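This report refers to the structure that appears directly beneath it.
Lettered A, B and C in written order, each chain numbered from 1.
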Amino acid sequence: MGNVGAKETPILLTPDGRRIDGRLKNELRPVRIQAGALRHADGSAFVEWGHNKVMAAVYGPREVHPRHLQQNHKAVIQCRYNMAAFSVDERKRPGLDRRSQEISKVIAEAFDSVVFAEEFPRTSIDVYIEVLQANAGTRCAGLVAASVALADAGIPMVDLLPAVAVGKVGGEIVLDLKKEEDNFGEADLPMALVPQSGRLVLLQMEGHMTEEELGRALDLGVQGCRDIYEKMKAALRERYTLTPIAEAAR
Amino acid sequence: MKPGPGTYRVGGKVYASVLGLLSPQASSVEVIPLSGRYVPKAGDLVVGTVTDAQTTFWLLDIGAPRWAPLHMTGTPWKVDIGETGRYLTVGDAVLVRVESLEATGRIGVTMLGEGLGKLDGGTIVRISPARVPRLVGKKGSMIDTISRHTGAKVAIGQNGRIWVGGSPEAIQRVSEVLRLIEENGPRSGLTTHIENYLRATQPADRPYAGPSDREIAGPGGFASPDEDARDEPPAPPSERL
Amino acid sequence: MSEEVAAEIRTTHILDLAAVGKRLDGRGPDEYRATSIEPGFVVTADGSALVRIGTTAVLAGIKLEPGKPFPDTPNAGVLTTNAELTPLSSPTFEPGPPQPGAIEVSRVVDRAIRAAETIDLARLCVTPGEKTWVCYVDLHVLDHGGNLIDAALLAGVAALSHATVPAKRFGVAEADYPLAVDHLPIECTFVRLGEAIVVDPTFDEESAAQGRLTVATDETGRVVAMQKGLVGAFSPDDVRATVRRAFQHGDRMRRLLRGGSA
């Protein structure tokens, strides 16, 4: 990610344990999830996570295009993670670069691990993620948006898929890196959790951590995922809230 | 407790697999989806659009995960091989019944049966398949109300595609009612709300006609759930049941 | 390949309604859908706006970067417009290279911005022949409920109106400054449905349309761009009538752009 301005490393952690935006080490940025944000998709969600803004839409299960991707015993899950040209400081050329293609692949595989895809042989479930404004952690925000969109689309699955990144900043393990922490920190560890089983279906790591630090990072990430999970469920409940019609009209 | 539709079991516990309304049955538990594509069931009446004409069959978009083939022998016509396009072409609307479901996901449909066939005139309005029970209402009460007040002909596809025939004005009023149902799906008091709308928009020159010669292609084998019983809190996937 | 095939009887119904002056969504032929502008939607952009027209949503983002002027216009800045019909926005869009539809949207929007002299390209020039600002207008279609061209230009103009030139960040000047916007072009699109001509078509109406006509006007009384699209034809009198209506709509949208109510 381009960062044309500040070249000097900012103070990432104060002596009293506050981070660059005042958060504590185990604190998430503010997260707001709106289920059903688009009108023409089978399912959709909009996620504002710190300064990230991510829209996700799901179409399907539907006929597979291109046809040769069709699988006889299950639905194929296709994912496209894309960043809008204006979503980052330095304009990004439109289209999928190698990073976007890799992220698309690991997200598709994460969902393939929880969707009951065998219920829909020879179909496609298409997951589209558009990052509109990026500030570190877009793959996790995108995955969370897409997961809510999948539930909104009525897709059967083992569970919702909360995700969060843990990192190492100023020698400390911290939850949910923002951009400066991601740029100048020592490590980044995004993960997605299946709360029902307690297992991880997306896990990547960049940077360096000791074995002991990694152990703590995993615990912190799982806890962060569980917090995100509650927000995802609340967003879906809100979309399908059962209020009497007279009240809704007011 | 047995896992019914919309649920799965792991380690003796039953979890929801879809976003829906919890519906406990006598010996099992079920989650009724609140959203999603049409899941075909054998015997369902559905409204489809022709998307392709092949040598011996047509492919229909019925809003299901896959296009449904309608074989030429499943029609009341004597179709010659390669002549399918003379009977139905891309964009034609049809009322058919789901006949068979295969493990491959193939959905067999037939046009043989009373009231089935090509739909001429009128229009198709789409609602979420999850809203179809609402449109039917308790023992068909909702759809009765709508047809009585508007004089429109209505064929309800279980796939959420509703064929509406009649004057442009009648079609417009039914479309508006369908929009109300779509936007206010899981809410109580919907029937009253819609009756009020219909009364308020009743044209002076064509007063309420009463339950006369309406033609409704009713939903096949559909058990309309009790409206109030559905007003349970939604259960997201993996919610412990 | 599009999965969605419009039912023929639905098209016929749209045409039947139009013949008696009615529309599927209850609007009159001359009625535009509710329109909203949310400027500053994306802080990573130098200017942005989310525009909604009915169920259509288009997000525009502006990016300004120093670059080289074209050899044949050494004193002018560079303006580039790009539209993406994202696969989120419609069941009929597939991921892949830009479709002709997306290219048409960006070209028609680009022509209106350019011809109206929305921004003075000469003022974007830093050092003639060597250094100029390159202004990117990226249009992201998020929800396709019809009439993308009007929504895209409105989003683009709103985003330009709120854009900042990042001069400090790129070391071109001591401080950032607002991008000067001189004119406000607004597009107004019509489709023919049988003998009727309706404004601001929905997706379904575009599918049923026998011709689409877009007229862009600015606040000085100029027509600055036009585009006839889809299969179908318009008479010169049709065109005259739509131009008149386009000016009315343009005035309304310009009030909205300036922060007033339409």
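Basically, a contact is a pair of C-beta atoms (placed from the backbone, for glycine too) under 8 Å apart; a residue touches a chain by one contact, two chains touch by 3 or more.
A quick note: this is a predicted structure, and the numbers were derived from the prediction, not measured.
Engineer: Linking chains that touch, what shape results: line, ring, star, complete or other?
Structural biologist: Contact map by chain: complete.
Engineer: Between A-B and B-C, which chain pair is linked by more C-beta pairs in contact?
Structural biologist: Between B-C and A-B, contacts are more numerous in A-B.
Engineer: At what distance in angstrom does the C-alpha mean of chain C lie from that of chain A?
Structural biologist: Their C-alpha centroids are separated by 31 Å.
Engineer: Quick one: report the Å distance separating chain B from chain C, using the average Cα coordinate of each chain.
Structural biologist: That gives a centre separation of 37 Å.
Engineer: Which residue numbers or ranges of chain C touch two or more of the other chains?
Structural biologist: Where chain C meets two or more other chains at a single residue, that happens at 3.
Engineer: Could you pull out the residues of chain A that touch at least 2 other chains?
Structural biologist: In chain A, the residues touching two or more other chains are 42, 62-63.
Engineer: So in the complex, which bits of chain A are touching chain B?
Structural biologist: 42-43, 60-63, 72, 75, 116, 120-123, 151-160, 195-197, 232-233, 236-237, 240, 242-246, 248
Engineer: Taking the touch rule as given, give the residues of chain C at its contact with chain A in the complex, in rising order.
Structural biologist: 1, 3, 41-46, 48, 55, 57, 59, 61-63, 65, 82, 84, 86-91, 94-95, 136, 138, 140, 142-145, 169-170, 203
Engineer: Which positions of chain C touch chain B when the two form their complex?
Structural biologist: By the definition above, chain C touches chain B via 3-13, 16-17, 20, 22, 24, 26.
Engineer: Under the definition above, what is the set of chain B residues touching chain C in their complex?
Structural biologist: Touching chain C from chain B are residues 49-51, 61, 90-93, 119-124, 168, 171-172, 175-176.
Engineer: For chain B, which residues count as touching chain A in their complex?
Structural biologist: So the residues of chain B touching chain A come out as 6, 8, 10, 15, 17-20, 33-37, 65-67, 103-105, 130, 184, 186-190, 193, 231-234, 236-239.
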